[in-house]
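Next up, some structures in structure tokens.
What follows is a pair of complexes built around subunit A, which joins subunit B in one and subunit C in the other.
Moving on to the complex of A and B:
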């Protein structure tokens, strides 16, 4: 147990330390920066609410990645899937709300968003199952395509002509996802927590989850065991993209109510290290996501206040990934020594 | 609309295709060298971006394009060195490290740019060219191909050079063996890790120059995240070229033209959102992959770290 705690804590601390050194080299006080981040992201009431709101899409993306990674599939096309799903909800919701009650509007929008994201993952799934083509490249290509396509959709067919900035029509605040108690936090966080628990249950406690894991750890063995690897690959892509799409829907229906052109939070690659830190464990990922959301929200305040652009978060994420891999490597080495 | 096939349109299309095609070519060739030796270099996007930033800063302050390319190359190589350290020497996961290097370079270059230039985007002066006498006067083709910076000619010569290395030299054979059957190379007394390390460093150098070309010649300035997937397109080019440098050149020309269509269409007075045109190269990649995926080829030991004595 001590070992696994160290394996998680060491990369985080190393990343923060090396990141701090970079800040120092750029002439900023790292302690003041981190203090401000914690202050604004966790300790202030409004910042804490922001953190929880931000956690909702991050958790849904994380759960989508857990499914894919456990099945041995690198879904790096998250951003395209997320944005296209967001466009679907943003375009549909203001139209549907005129005729339908808001609960039905939200359900339909979520469904359509999920379907759109799933559709965007069909090509990589097809190329992988049919020609064995590496999905890393294909999902990346689809994501670049999707980001531009989402912009085209917002600027041309779904553009709200009454607005000077290119954006879709706006869903009134009262019709968005319900707020929890007296806070600004929307119920998307509940949806995302349910999704994370469901994914964890399915992946660890059901036959279907076990099948996916077998495909992930050894596709050839899976084939010999009589599993339909192709169909399972399609299913993995669909579930993974669907969860990501739900994240896009929740972000639009809960926070923005509309989608602006060129809006791309680019959460996709940022969530990967969280999923690795959690070792694909559904419950553990919740904690890391919260920590990361604090960093994001606090970092956004700090970028305005302290003149450290938010790009710094990218550097931290990269450092986290590298130290994570390094710790894993050292761990592997010491295991080998013990065996020898 | 009537003026779509005019001389001006074709000239600007060809000119732009060469300008955006050269970085793709360098990235694709570099990636091909890495992949041949068995390293899937996902970090190439980061290497290009680092080269773009470093190359721009160096060229901007020294006012020398050559110095900029060289600096870009060495910065790309510096990122590649991390890849070598983690993935080749320590056998860590190539995909995780590749993603990390790309994200890290995105963040770091944007940060450095912010602290260096704040919100200004200084521009490079006009690109000096080496005009080829005689050929430069051919209408349309002349300005696009024969009035360019010498690096353009060098990059195209590099295709022949790399093809020669692959086909006729011991180095080429070693690279191929490192990707196909590393154990055999090891048995023949050649150091597998060293071979791969050299391949990845070369990739970094070429990708870095490509990035610097993109910033200094293509855009004339540095913008954060400016490579916008060019490195990844390089990976696709290498994948579809099946180890043949000439195919990388053809691919770079194809994707270069589709990217250049943006500016060319604007010259022709056609007003469509840039997003539509930005989709083109990626849509093209997908279509090409669907049509020709069965012909793509990757070395058997690609992405697998080499451990002596392990099977």
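Moving on to the complex of A and C:
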């Protein structure tokens, strides 16, 4: 899959133009808005750090989704997996840190979070392989359950009694994921970049990745070729959920140190369109995620300053998707015409 | 029979031309179809027959030319319009809703604002069934009917809105020899009622046996007609020669005359082959094999046979009588309920696909794109599909794409696969070339048993010949070869022995010698071997 720059740049420019027109119609100055977003999300030092910090969980979720989507499995239960993994780290870390060094605490927490998220994906995987139930339905249902269950866990067993708002105990700032050099950026961004590159390598350069893609493109051909479709399906769910779970752990261990009840950033549904924009391509998704993180961070500041609602960022993403599809379609048409 | 001669034709096509990217499917075809006649439309795969009838059925629009119905110029812009003009079409593949009953399927075309009138519909069904001389239960789900019965339902549906014209696209491809005769009688009866019948076939013999008039298509062109008065005076051999003349009169250069010869040879000449050594042990043997019945599939009951090295064992039978399960059980894709399978003396009943491949079992599926290949992936990937993770293309599970691509380039040259490159998505290739890729992948040096499931299905004459030559070559190299086919001619040409499968059971095994055909035909309907 080769990305010609024009095919990506043209939709981005079109989305920004149409998005600007919408802002203009709302009585806001689009140029001022965009300038502010870029200023706050990319050009200012603190904004840039924020952007990178925000990218870490998004990239881990994206890498999990790429594995699943390439294998033809629509894991839409990202948020449930993410939050339960986050609860696991948030509950465990403050307890472990009392007895263990911080590096060991972090490794154990990441491991447990991954395991919890994987466990949450077992039910959809089982239902799909055994009864052929559509995983879109089952993962969505599991995500509703997971979000509520995470809340219950924070409010009841893992609630910190010393705090007035329901939340878990807090991991001290000094024991969280290590900072990079002299910045506020935590090492989670390194973990997430490694994950994305690893996923990209596995999917494009290994037998396992090719097997997953065969299962994804034509399960009957996979069976015909003697692949164990059931086992590969379980593996796909586990890897996908595991990476998402690692995202949850990184967000807690790197940024918050605690988990509040009702905290749900709903990153999963935000990342899905990005993964589609990148056409499941590991390297391309890094670019889109960074762009999106800039829009998010810059948009949050801009919404306070200019009164443009925060979710306007989503409007831009939607426009981007539409124009990307449109450009793709026109490209396809002209190819066809050339052939005829 | 010739009552229609001199009258206005029921349908006449005037200079129909249809162009698809890269192909001229119909090139200036003019054709008259008369009421009360069976008009046989003869031509090999890809001659443009299907395009012509999809134009009649309103599914395609001609680029040039026009259609007249009883002398009135019409435009058939939709399938609905075609039905309104009383043109009923029965397509090669059944297009019925399997979960609905017969009568529900027949009532599907009704106007949306009208309440289903079951009583009238049942009366109509009775009338048409009587006309056809068939008996169909109205309240049985279509999925439970045999393919022959489903075809009858299709014919009833085609005549539902009044049958002026009935178009049958390759209707004999899924029938037994007896079923073919019954269809012939049915067409005769309908023609006697004044229906104009277009009977499409690629088999010379059927065209002669059932047609009042024969038109021959070749490469999108109408190359000639044999008129009824002419046809009556000819015996089969004269007609055959005449048709060959029409089809290949331009056969001045080598390639075409070779094709003419292939066409003539089709189903007539048995392959002469060396004597098979039957003293040794068989390469593969099945004993009392049964499978579990899944909804809509035909399971196996107590199947047993064995195949010697170098032997071609044909499996005859009407489609849907357990052929698919048989092939999958041998390949290891489907679990066996009871019984056992031995390959080279080793018990392999529970071995999975990779384990059987190591023993040399290969399976060329009939669903080339459905399960044989991954259409969106490259030709190169598809060539190594059954060996993912194995050396020399993988080292420590890391893919060595260079080697895979080089391997693909070699195969493409060696097997004359027509593809722009080894990176081209496989689905872009033609059926014949996809089959070449499959054959190249499956038949390798260490193959010992090869199952061919409908190896020439949907291929044109040239590629059919190539595929059959490949089968013969495989057997000659000592491979135990199992050919599953619904084309009896094909099996008679290739096989040493032919097993007949009916309703999941082996109703008999016949040595392929003179007179085998009638015995096989009898077994195909379920009569047990004497």
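General remarks:
The rule is short, and it goes like this: the second predicted complex is superposed on the first by the 337 of 340 C-alpha atoms of A that agree within 3 Å, B and C clash if a C-alpha of one lies under 4 Å from a C-alpha of the other, contacts with A are read in each partner's own complex, and residues count from 1 in each chain.
Following the convention adopted for this analysis, contacts are C-beta pairs under 8 Å (C-beta built on N, C-alpha and C of every residue); 3 or more make two chains touch, one makes a residue touch a chain.
As the structure is a computational prediction, the values presented were derived from the model and not from experiment.
In the superposition on chain A, contact is made by A:206 with subunit C only, not with subunit B. Of the two partner chains placed by the overlay, neither subunit B nor subunit C lies in contact with A:104. Of the two partner chains, neither subunit B nor subunit C is touched by A:32. A simple residue count on subunit A separates subunit B from subunit C, and the partner touching more is B. Shared-chain residue A:131: touches subunit B; no touch with subunit C. In the superposition on chain A, A:6 makes contact with neither subunit B nor subunit C. In the superposition on chain A, contact is made by A:224 with subunit C only, not with subunit B.
Judged by the touch definition given at the top, the superposed model places A:194 against neither subunit B nor subunit C.
Of all residues in subunit A, only 22, 26-27, 74, 76, 123, 126-127, 130-131, 133-134, 136-138, 140-142, 144-145, 148-149, 151-152, 155-156, 269-270, 272, 276, 308-309, 311-319, 321-322, 324-326, 328-329 touch subunit B in the complex they form. Remark: subunit A residues 204-211, 213-214, 217-218, 220-221, 223-228, 336, 339-340 touch subunit C in the complex. Listing the residues of subunit C that touch subunit A in their complex gives 21-22, 331-333, 352-354, 357, 363, 365, 367, 370-377, 381, 385-386, 388-389, 394, 397-399, 401. Taken together, the subunit B residues at the contact with subunit A in this complex read 40, 42, 82, 86, 90-93, 95-97, 99-108, 110-111, 114-115, 224, 228-229, 232, 235-236, 239, 273, 275-276, 278-279, 282-283, 285-286, 289-290, 293-294, 296, 298.
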